[in-house]
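Take a look at the structure below.
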Amino acid sequence: MFRKILIANRGEIAVRIIRACQEMGIATVAVYSDADAGALHVALADEAVRIGPPPPRDSYLCADCILEAARARGCDAIHPGYGFLAENADFADAVTAAGLTFIGPSGAAMRVMGSKTSARAAMQAAGVPVVPGYQASQTDADLVAAAGELGYPVLVKATAGGGGKGMRVVADPGDLPAALASARREAANAFGDDRIYLEKRILHPHHIEFQVFGDAHGNAVHLFERECSVQRRHQKIVEESPSPLLDDALRRRMGEAAVAAVKAVGYTNAGTLEFLVEGLSGAIDGMLSFYFLEMNTRLQVEHPVTEAVTGIDLVKLQIRVAAGEPIPFTQADIRQRGHAIECRIYAEDPANGFLPAIGSVLAAVEPVGPGVRVDAGVTSGDTVTLHYDPMIAKLIVLGEGRADAIGKMLWALRHYVILGDVVTNIPFLRDVLAHPRFAAGDTTTDFVDECFAAWQPAAFTPPDLAFAVAALAEVLSAGSGVAASDLDATGDPTSPWQQANSFRMGTGAR
Amino acid sequence: MARTIHLQSGEVERAVVVEETGGGFVVRVGEHVFAIAARGGEGGRLDLEVDGRRLRAYAVRQGAQTQVALDGETWRLERTDPRRRRTGRAEASGSLQAAMPGRVLDVLVAPGAAVTRGDTLVLLEAMKMELRIQAPADGQVARVLVTPGAVVERGQVLVELE
Amino acid sequence: MFRKILIANRGEIAVRIIRACQEMGIATVAVYSDADAGALHVALADEAVRIGPPPPRDSYLCADCILEAARARGCDAIHPGYGFLAENADFADAVTAAGLTFIGPSGAAMRVMGSKTSARAAMQAAGVPVVPGYQASQTDADLVAAAGELGYPVLVKATAGGGGKGMRVVADPGDLPAALASARREAANAFGDDRIYLEKRILHPHHIEFQVFGDAHGNAVHLFERECSVQRRHQKIVEESPSPLLDDALRRRMGEAAVAAVKAVGYTNAGTLEFLVEGLSGAIDGMLSFYFLEMNTRLQVEHPVTEAVTGIDLVKLQIRVAAGEPIPFTQADIRQRGHAIECRIYAEDPANGFLPAIGSVLAAVEPVGPGVRVDAGVTSGDTVTLHYDPMIAKLIVLGEGRADAIGKMLWALRHYVILGDVVTNIPFLRDVLAHPRFAAGDTTTDFVDECFAAWQPAAFTPPDLAFAVAALAEVLSAGSGVAASDLDATGDPTSPWQQANSFRMGTGAR
Amino acid sequence: MARTIHLQSGEVERAVVVEETGGGFVVRVGEHVFAIAARGGEGGRLDLEVDGRRLRAYAVRQGAQTQVALDGETWRLERTDPRRRRTGRAEASGSLQAAMPGRVLDVLVAPGAAVTRGDTLVLLEAMKMELRIQAPADGQVARVLVTPGAVVERGQVLVELE
């Protein structure tokens, strides 16, 4: 087993990986940009190395800086997390060439399955239908011609992409050149790779993905599906397992296709096969069709829902498999139990086009309790900056069934307090979870656009009680003996309250 | 001893009267009178009993703003000084502001240019995303206040239309 | 379903029940003594009613006070938690007579199964061996004679008891009268019932209990076992599921016996059948023997380990079954998955005979993350008083297997910070979890006495780094501009630190 | 600027010298020199980097005592004033103290009584449990300092033996 792992990432996923290493008795080295010197993942690691200034291309995307840090600190493996260099085959190869272990698939497997073209070919060879698409050339002329053949609307996607970064829906041929240019810039910035891929747009699909795992001993399993259809700006915001759409027969067919593909290419470590499944409106004779979309050759953001329903720790499994151990269970051992939902808590304003609304987090109070898990990268006193993804945390619940899980998530969202400059999507998520279409499991990928296009919070004017509480807070603060000076984001906004302890509940009032 | 706090949210302004009693407080918001017992805790926590109902609220202050988390909702209230009446907002209609902090990638219009609703005027980059600042209506560019490469704050005016 | 439930308890179990009600959309009424006016369960409930002064007999044991509160607040059900009135059949009857629902078994079933005599008879009728014991008379003369017949050592137990309260081991006949008097006083104080029961002491047994559930529709299931052999002063401190001792065959036999007993007496709601199982040293032809010990007719402290491995929320199930719903699953649906361990975090000094070491809790930082659950009744700023059980919290982990769960628990214990007047048993629990006999699953009920009789912490002298940190803390505090006055327990001990934010990590240091 | 803090734990006393440098602190404990960068957080949290190793510690002060949680251990350190030397502990050997706060249920001995090791002298009730205060050795009761029904604090002397 490894002695010391460098985590080539930041935020909640770096914290998550450090945590798994701590439980396994493996030392950790964090890396950070200047923007993250005080970040949670830096505080929790055993060691931390500054790798550059805030822009990702100068720090978290700087393969050489990260390799140098790993060498200098005597690491024997690197975990890339998701995003940044996680799907960069050259980086995986460079790690291996440096004599370290890359905790993920081989560079070669990444090139086969990470490229949409070759992954689609591999899946077609395995008998799985794929979404029509085009990646043969990168010239505008060829792409425009290909789009005409696919038929509009087409999707413009970053070849190296994920998470909606670089993605554009183009309905009008005249808009394609501008979309290509813009998507290339965004892709280059996010992934260091500006290649573009065109895909036919399937209408009203569910986005359903299968978690797969392969090891160096020829074993491959799937860990069932995640339903990821609730998206805004082409990015998942609510994920769950099991999918309310799949029946056992379709679940089995898709799982078998996923495992066959993994085995066919000798894929090792964690990966995810994404499918589009036509909703019930597209079913022929009651049979749903599914299309392979792409493979993500890394851990997914939404891996905790799989961990919740299968009871398997995917990060520990990644580490064990990378260290050469066989997968310690067979397909028959794995069962889904209960129902898990994840909500991504973003510093963004859902009433304003989901634009990031970043800044300080003065107070963050996470919900806790049976069946509730919070994977957070930001805590009280931190700042969400413009440099990176504005996700504050992932909130995951495990309930006995779907209705119980929805109730638990609504409880957790209602008890998640985040105050500060940031505006969060929590009220929006609550409305999504409470929507009749969500309750019915009828969450196609256009659900959010269709049902929440003009979303606004239920009320703009605070209730009288909010005025009362704010005034009371002001009085208690003044009465604490602390000068009633205003507190800025770098000070301590909470101490006046703590000193107000002497205002205890009056017991004679009832 | 009663104290009056002036608070504002959007266009709504309230004078809130807080009076300390034996075991707690009587708080008046307009015609609404609350009997409140309060206990402060960590991180801005306030354990309240309001007219017999227990509530866990959070309140933190930042500048003149007090943020209150109550029953799953977050409210932002500004403390105002009734002696200094505000003279109306400074926003000129027709000005386009940055909705978030970021960097100006490109400015696609020049002063005097005629623009049609939906035209992209400025390209902003932030959070690894590209944002288009588009014309909300037909008009003419009065002033361009940023240049490519500039770093802008939220609310900063980028372009003025007329 | 109920609209409003009164929780006739305090501390972590009251918090736990309030939480389940919140997720189910049921309003809650807390009750509290004067010592608990600022307690967590009071803050979290929708309403709270003072029921009396601190001594339990005047508040949490005052059935009339609690019924009056339930009536005054319009409750339709009462959840008793564990301890206090939870196994008081008269209270259960009084609740029912008042037209409210008691969330637990009927008073009649409580009398049958709560009494050790009739429970033993019922179990014997069901063909289950029982531990020899005596309860026919309460006179000293009869009890002394009975002890002679059973053979010393004998156990003196409170008939109404649980949790080791009132329990005495008597090895010498001459010590029996004093032990009887002392146990009676303690039992009367803890349970309002001074009746005594004698039991033969089985040597080196495992304490293994089965969680059972019955409903009003004639269904009964078990939810597998909990291994509760790690005890100090006859009170459980570490519990786990599955038991490392049981094999599938014995697990099935014991589970079937448990369900048969529940069905035989028409028992409804949650209950626990406690067994003594002779360890491997007592096995005959490889077969282990088990003896019925007693039944607890309520929720157990250690119910979370069952929730973790079965995925079933026992409190919600209690509420649903009390409301007349059938158990929504069959025996075949229930499976143990993974391995769960619970550690009870007490304000006590293990190096000083486990005597309570109570007082203020200045800072409590609970471990969080995947597979970790903390059920706490005490938070930062609270005080553990002499009036009630000194349990601060229950720490529960769920791992993939036993070794993984032990690793996770060691991680969690290392990351549980409790500072203040209280001394906690955390260092002791860590040594228990790290002991070779615990790793081997060889935890008979005398394990703690045998292996930790003279336990002391590994070191008395702080490492140099602790001196350095304390001094640094002093300097940072003085440098914050706050007068370096001493802070008392009612003030805010933490604010100087928060104001030290300007002392950030030097990034040029490496 | 260096500052010296005197700290004591049990019989061990240390003069700790804390010197602020550009990016952090140099802290000397005897011959042990630590280079420490520190960042404070909520609830007494201290995120430290000590000689290249990151540590999350917690420290809170209560009276003259500072409690430090470090690597899963809790340490209690007393700040001392080296100008005021302590004159030795006031504990008389042979005195029996309450190990926890509680209520005296019964006193079973009187002054002058001869006691044998293991004899119960006082019965205490606390936390719903009954505790026996037993003679640690053979001896004679010098003084009895409590009566039945009395509430006692931790460390309070109950009986003195000679």
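By written order: A, B, C and D. Residues from 1 in each chain.
In this section, a residue touches a chain if its C-beta (ideal position, glycine included) is under 8 Å from a C-beta of that chain, and two chains touch if they have at least 3 such contacts.
All figures in this text were calculated on a predicted structure; none of them were measured in a lab.
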item: Partner chains that chain A and chain D have in common; value: B, C
item: Of B-C and B-D, whichever chain pair has more C-beta contact pairs; value: B-C
item: Geometric centre distance via CA averages, chain C-chain A, whole Å; value: 38
item: CA centroid of chain B to CA centroid of chain C, Å; value: 48
item: Geometric centre distance via CA averages, chain D-chain B, whole Å; value: 51
item: Chain C and chain D, separation of their C-alpha mean positions in angstrom; value: 29
item: Multi-partner residues of chain A (each touching 2 or more other chains); value: 38, 42, 380-381, 494, 498-499, 501, 504-505, 507, 510
item: Multi-partner residues of chain B (each touching 2 or more other chains); value: 39, 41-43, 47, 49, 52
item: Touch-based graph of the chains, sorted into line, ring, star, complete or other; value: complete
item: In the complex, chain C residues that touch chain A; value: 16, 19, 22-25, 34, 37-38, 42, 49-50, 304, 307, 311-313, 316, 335, 337-338, 366, 368-371, 373-375, 381, 398, 400, 404, 407-408, 411, 490-492, 494-495, 498-499, 501-502, 504-505, 507, 510
item: Chain D residues within the chain C interface of the complex; value: 3, 5, 7, 9-10, 12, 14, 16, 18, 20, 22-25, 27, 29-30, 32, 34-50, 52, 57-64, 66-75, 77, 79, 99-102, 105, 123, 125-131, 154
item: Contact set on chain A toward chain B in their complex; value: 56, 165, 182, 185-186, 189-190, 352-353, 355-358, 360, 362-363, 365, 380, 386-390, 413-415, 417-421, 424, 426-427, 430, 457, 459-478, 486-489, 493-494, 496-501, 503-510
item: List of chain B residues in touch with chain C within their complex; value: 39, 41-42, 47, 49, 52-54, 56
item: Sites on chain D touched by chain B in the complex; value: 42-43
